[in-house]
């Protein structure tokens, strides 16, 4: 249990982008988006340049574009909003394919879609190329307050704990002849969700206390370990993972 | 209601950024008393659960996306100050890793969900707790009430911000009506979930619920000096 | 002989991280047998057990239960027949109270009302946990959780009972009581254990798994007294115990 | 006698859910002793253990380690001295690899570089898990995780070693190897166990906890042969084992 490798959003790789220090990546993301947002939405060609820049980074990261595209569903509700805008906005109207659309609305929709999409793609690229543990260290280097980093560290670890406890509970349920096939079964899932909260918490608490038992002070001094992350552990040159079993 | 990049104009984004920074800064100072060895993990778990509840995302007609907020839940479980930190961390993670809410709109999102939603939920909870009898059994009900009010409150704040700094000209009354309507419905869901989770925690670990502490009785320990008595 | 109730043929399995744990296991258990599954840590015992009701799906080879292949369409039926007590009780218990947890399986089998209650009470009574029915399982001691875990499976009255280290963390009296329960049931039992005297006491037959293959299969007495075999697979009789001076109890 | 290294007086404790587990426990352990803590499931053994390094805080009474009261200001120092192997290895292991996990404690004590590496290698070597250094702990078998859990604590070289059911889920050879390690170390050992022969082999002294109070404290031989005491507290000698026919090994 505890810190697993990566998360569902992380695309494992060793490209330049993957290896770049997390704090630089976060800072670049922030600067890039500030510039994008500050750009007037009528400077159409500039947005092409931004997109080209992003595409170049993704290409360098070797993350399959489809991988990013699939995660862009986050944007859907907001796309719906943008698409509705030309219909409901006030002001002068133009006719497009027989529909009467608000001119300002069209422009606003374009602006929202362009800036929003760039933001989504940029964030997803960061997510795909950065392990949460590195992100944690990166935020620390960016002087994000200690308490926030600490909560974030626990949050990342609890994501694993909760997922693991959920997996255990699912296996336990199914072994005893249950599978959640229809809405009728939801109450059972809901009842065990309450237990999940306490179970996860208590498991996490026990692990945390085990860490304290081994001299962990919770301080994030350089060289010390953060919950769920370590930079104090040596990278010994011992032979890499050999597995017992002499069968081919 | 995660606000994406470029949704509000620059002055509004900067202003909400300042408000968020001030709010989180205050919470950092105040939470120092709440946050120790034992509560830091709890704050992390609450962040995880808020994160999970906010994943239940569904499109809302004219608003952006509608989903549960989890602010009242966080406040009741870990206290308002730590709760603000937890929810802010969730919003930060969502902006960085899920692209849910823009990074330049982080201040706006923190202001709406972590400050307005959570504080309103907590005030309703605490206000009711003051006037009603102090019973542990009531805590989940009060938490649900706080949760119910917190969602439309955040939605109203969103509409207000939009009126000031929206980048598209939409009739405000349409937006306000849509936001309030939908978010009252979401508030019901929020109330049910908050009540259930708080209820299940109060049932077995009342000590973990910040909001239940005023209602907890102190236990006296029994000492058995005679070993034979225990057989 | 009749068709075995547990029929494992050429079973191989690699975990998703690429680590292969089973390399062609053959095992046949017949109705009413009590078989001990022995072997060193990491031999693949738990991995094998998790195939017996389809929690893990065979990478190669096959598993059948009473002639029914363990595949997706049959898995519901197989899980009715095979009850598994997991090595870690935390993998077994998930409901908010002990009572709910024990009732969960029988309720899925369709039991309701009075019949369900009786089933739950009986199972809890067998493991001596009736007084704990209303406690949350995750607030029990390790040994108490283990006992409840056994009760959850007993309550389902499976035809085949598979127990992964059931005696670990049990106090000595509970260990004996569990042995008595298992002797008293008319079911097929496969029991993973590191407690060789316990295996000797309870199971006439033993199978030794090592490095993902079966390396011995025979009478428990013969296995435990085969010194070369034992020491080759990290099996040793504990301090003060020698089957040769005791004779064979488990035949009865 | 000298001041005890472990000094527990009138310790009482209730869990947050209101369930009281300890009702006034007294226990004194002196330097270099190896003491077994016996008792039925739910007696409060684990609860007592968790007080010894301040994971749980006494509800009433007091705990001192080498004269140092276990209270908030001392807790760091106490945890340096007392190493606890938890009953559930999943509570102990949390790093992404076995190596990191074993290194975690010594690194917190300030070890770096070559010294740290050596400490890790030695600890893993003792429990026979060197080959697994790069695997994630949660992908190991239960017994392998238990061994790594023991290694994480050995690597810290504590003065007092507290082990909660260390032999459960270990294969017989590992059990013996662990006994040899414990015998070889010059530390004070408190070991919770349900394995009475193991206690007999390893610990000259035994303390019996039952229903949250100490009901017996004396030579292991005397405790195990006191039939009235044993049966009153669900303790029984396992099948085929009788200390009377063996004599007393653990004096050595």
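Going by the order they are written in, the chains are A, B, C and D; count residues from 1 in each one.
By definition in this document, contacts are C-beta pairs under 8 Å (C-beta built on N, C-alpha and C of every residue); 3 or more make two chains touch, one makes a residue touch a chain.
Note that the structure is predicted; figures quoted are calculated from it, not measured.
The chains in contact with subunit C as well as with subunit D are A, B.
The greatest centre-to-centre distance from subunit C, using averaged C-alpha positions, is reached by B. A separation of 46 Å divides the Cα centre of subunit B from that of subunit C. A separation of 41 Å divides the Cα centre of subunit A from that of subunit D. Once the centre of each chain is set as its mean CA position, subunit A and subunit B turn out to be 20 Å apart. Annotation for subunit C: residues touching 2 or more other chains are 19, 42, 90, 96, 136, 139.
Within subunit B, residues 200, 203-205, 208 each touch two or more of the remaining chains.
Chain contacts: subunit A has residues 157, 194-195, 198, 202, 212, 243-244 touching two or more partner chains. Contact topology of the protein chains: fully connected, every pair of chains touching. Those residues of subunit B lying in contact with subunit C across their complex are 200, 203-204. Partner subunit C is touched in their complex by these residues of subunit A: 168-169, 171-179, 188, 191-192, 194-196, 198-199, 202, 243-247.
Subunit A makes touch with subunit D in their complex at residues 1-5, 157, 164, 203, 206-207, 209-217, 223-225, 228, 230, 232-234, 236, 238, 240-244. For subunit D in complex with subunit C, the residues that touch the partner chain are 15, 17, 19, 39-43, 45-46, 87-88, 90, 135-136, 139-144, 146-147, 165, 168-176, 194, 196-198, 200-201, 234-243, 246, 249.
In the complex of the two chains, the subunit C residues touching subunit B come out as 96, 136, 139.
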